[in-house]
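Going in written order, the chains are labelled A, B, C and D, and every chain counts its residues from 1.
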């Protein structure tokens, strides 16, 4: 992986809050020839979270870091390669389009080895951007078989994370367990309001004055995973439920791409059912 | 009522959608010497809603309007006087302060004959703005007695509507029935999320990335009445639940004053559990 | 024009404010068998503005309306057909993509007979959406010749309005005069701040905390035409000028599509150098 | 100053970007018994900026820091005491009210020894909050004499910074020089648009669709000082210039209090004519 040394090394740390962590970590980095380009930290409820960007010529840091990690009981990860992101999509292609365009413009720093869909609609747009498209239909309502097929497709591609660009199927727990906190979904409501089906109609019926969208990590508990990004749009009495859907598409694109960028840039730490999203 | 002829007459109409309503209403107004200054209408789900501002020298319009109203099965109201608004407040005085200031600046077009509180904290601020303050404590947890006292206070004041500027008591159904769709409450969350107590803590625990506030008409069903105004503010991982409360105060002020202005200016029509809020 | 009777007739009126306009207009419509579906009006500085949506089986209304229009000295327009919209674009294709997608979803109610570009980059995306693409390069810096070519291309297509989806050339006054208040441009700043070239860099250098984008009618005075829609996005110290550009693309899409929808739906009245954009 | 050891020490650093800064600074803090509670940094255009919150029992750190500061050519400041903030105000009292309320709620962590005004209007509100009020009228248009009087009032109060809560006088360069980058002004427009007088009318005349407010450090160049905070509000064709003023008041309060909190919490570094505002 030739890009290891070009891009900065990113170190994410989570551990019980203790005195001296920052010093010991920065000392370790200095002693190993690294230069800290960016550093953010946060302490809350006795927990300590840290993200570092390090300019360093060697990639042997991770192994050496075990000692310090053990001392502070750290969960940590070193990240230096460009991630491989798989896209899953059904028929609604606005989030897909938005991601592919942002990827083309260099805004989303990932490789996209494959787009997978239970429908064939996205084939042309995938071709336009030169990305492999795989049609994995659900045959005879056999979702288990289809998920198995998808997983086998993904395996040789070294997929780091999956994004559900309006993939209208509920993934099984077994599938999600293969990519824990590495599947990003976008739900077309301001969660925790309006979980499940038809959230815009729910919002319309309730008479809210603002609608929203939420990007979150998929968990087995539908629409309940850790929230990564949310945004909203005002609606008024002239808007029909159909107008909510149209306005919603814009918000879905915004929160979805923000969440993907944050994940791609190693800016997210999950703790409990919440996320720290560094700036 | 000397102010009848100074301010425009406002006519609010709600009826089944039918052909010819706009023409018959505008014809009626023209034939009675009125000039339409502003007109807004909306049709949805077979219902017709209309708001008119009419410049007219006489106030006999309402009586004459019965014929046309009967023909179209209209619910309607004519409004020409400055409304009398009672404020109820507990200890949190930020919404109270904001309303009194906006009232002083001429932004909220009402008379404020009284501020009522179950605590005495707001007495000084009431005095500063020259408004009568009535302390109605809840003694021995006897809320029934206190509500009765409040209602008796309000009766001779010809109160048109009541605003709960963070009044931390749940009003009984019997109280609310005296002012149907004429009591405005502000709830410190983006309803329907986080009903009930401690919504900011609920939001914090859930890990949402945006918090909100909601102004709505009080109904017997707690925090479930027709929504009038909502707004939001982003939060991030650096914000504590206490920071949510602080940010929330600003949003509460914004939605509360917007809802009050809309009600004071006869811009709201309630239908079902929803509102039309004209521009 | 077979679609005349399917879609509602839209009537836009601008005239000096006078008594009785609303009545006479609604009377005229009723007497000619029309039913008013939606009506909005506004008076400001002695001017009266009105927009009506009328359900009517005949399209002879316009001719008959002359009498009433003359009486009130009205500028007016009747609109009943789906407009023909030409798109001009250079290399940045995000606004183009967004419009084509929204058009596909039925959000933008126009025909798109042609996409014209001074570069060939957009040819594939045009093909994906099945829209005719015309490459009109500027040869030997001869912009006059190129504009002439474009105008000749547009003429037989009965183009109602043109949208500049990041068309990076300044149109001549002669060109603009062919489509007065019918060319929509998107400028990547919160006008009137940061006119001209490189607005994001200007914003970055100035240290603003919010960036914006503006959709406006093109006039001979660069970036000074009547503003139709604006929106903004917060930026912070971590954002580079390049990040401004990326965030800006999202805002450009939002304001551009809003302006196009408003124009397509006959919701805009221009007066002086300002616009009324009905809801 | 008994509060030195209760509140964390805040260290702000600005210097040319070099290798090893973070390590040397954190090492220095650790060796002197400090614990880093929060750390943020930023590098841009060859400059390095850092903010640290340090839990430490001694306040001798500043003197010892000189060596490291000299090595890296640092501008730095240690801040541990609650700042003394003077408020200047004219007749518009909405920003004043908002600050005093937020101060009462504990949101703004400062002492307020004095409120100074060229008018007497704010005397009652100052009394309500128990803050000394000084009336310093401008007599015979002699602004020099009045500014001298104000400066003499401020001197014995050890004022750390001044906030102009809609103080409608332009301060002289001589006055501003006494408090460089320590006077916060709020301008009622989205700067750099609409500098100078009557910005809401300017915005109305230009036909913008969004209005804004800006909090910035006062400099001799009117409305051109480093921007600290900005926010906006949409306006529409129904809003008069007077409505802009009313909507503007809410935005002014928001940006003004945000800027004050950031300054009070030592979260701002000024460089050139721009600010870094840490989170």
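Basically, a residue touches a chain if its C-beta (ideal position, glycine included) is under 8 Å from a C-beta of that chain, and two chains touch if they have at least 3 such contacts.
Given the structure is predicted, the values throughout are model-derived calculations rather than measurements.
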item	value
Distance in touch steps, counted as few as possible, from chain A out to chain C	1
Chain whose Cα centroid lies at the greatest distance from that of chain C	D
Interchain centroid distance [CA atoms averaged], chain A/chain B, Å	42
Centroid spacing, where centroids are CA-atom means, of chain A and chain D in whole angstrom	37
Junction residues of chain A, two or more chains touched	42, 236, 238, 279
Pairwise touch network: line, ring, star, complete, or other	complete
Chain D contact footprint on chain A (complex, rising order)	19-20, 22-23, 26-27, 29-30, 35-43, 279
Touching residues (chain side chain C, partner chain A) in the complex	93-94, 97, 101-102, 105, 107, 124-125, 128, 236, 238, 246, 249-250, 253-254, 279
Chain D to chain C touching residues, read off their complex	42, 44, 49, 190-193, 206-210, 212, 226-232, 236-238, 240, 273-279
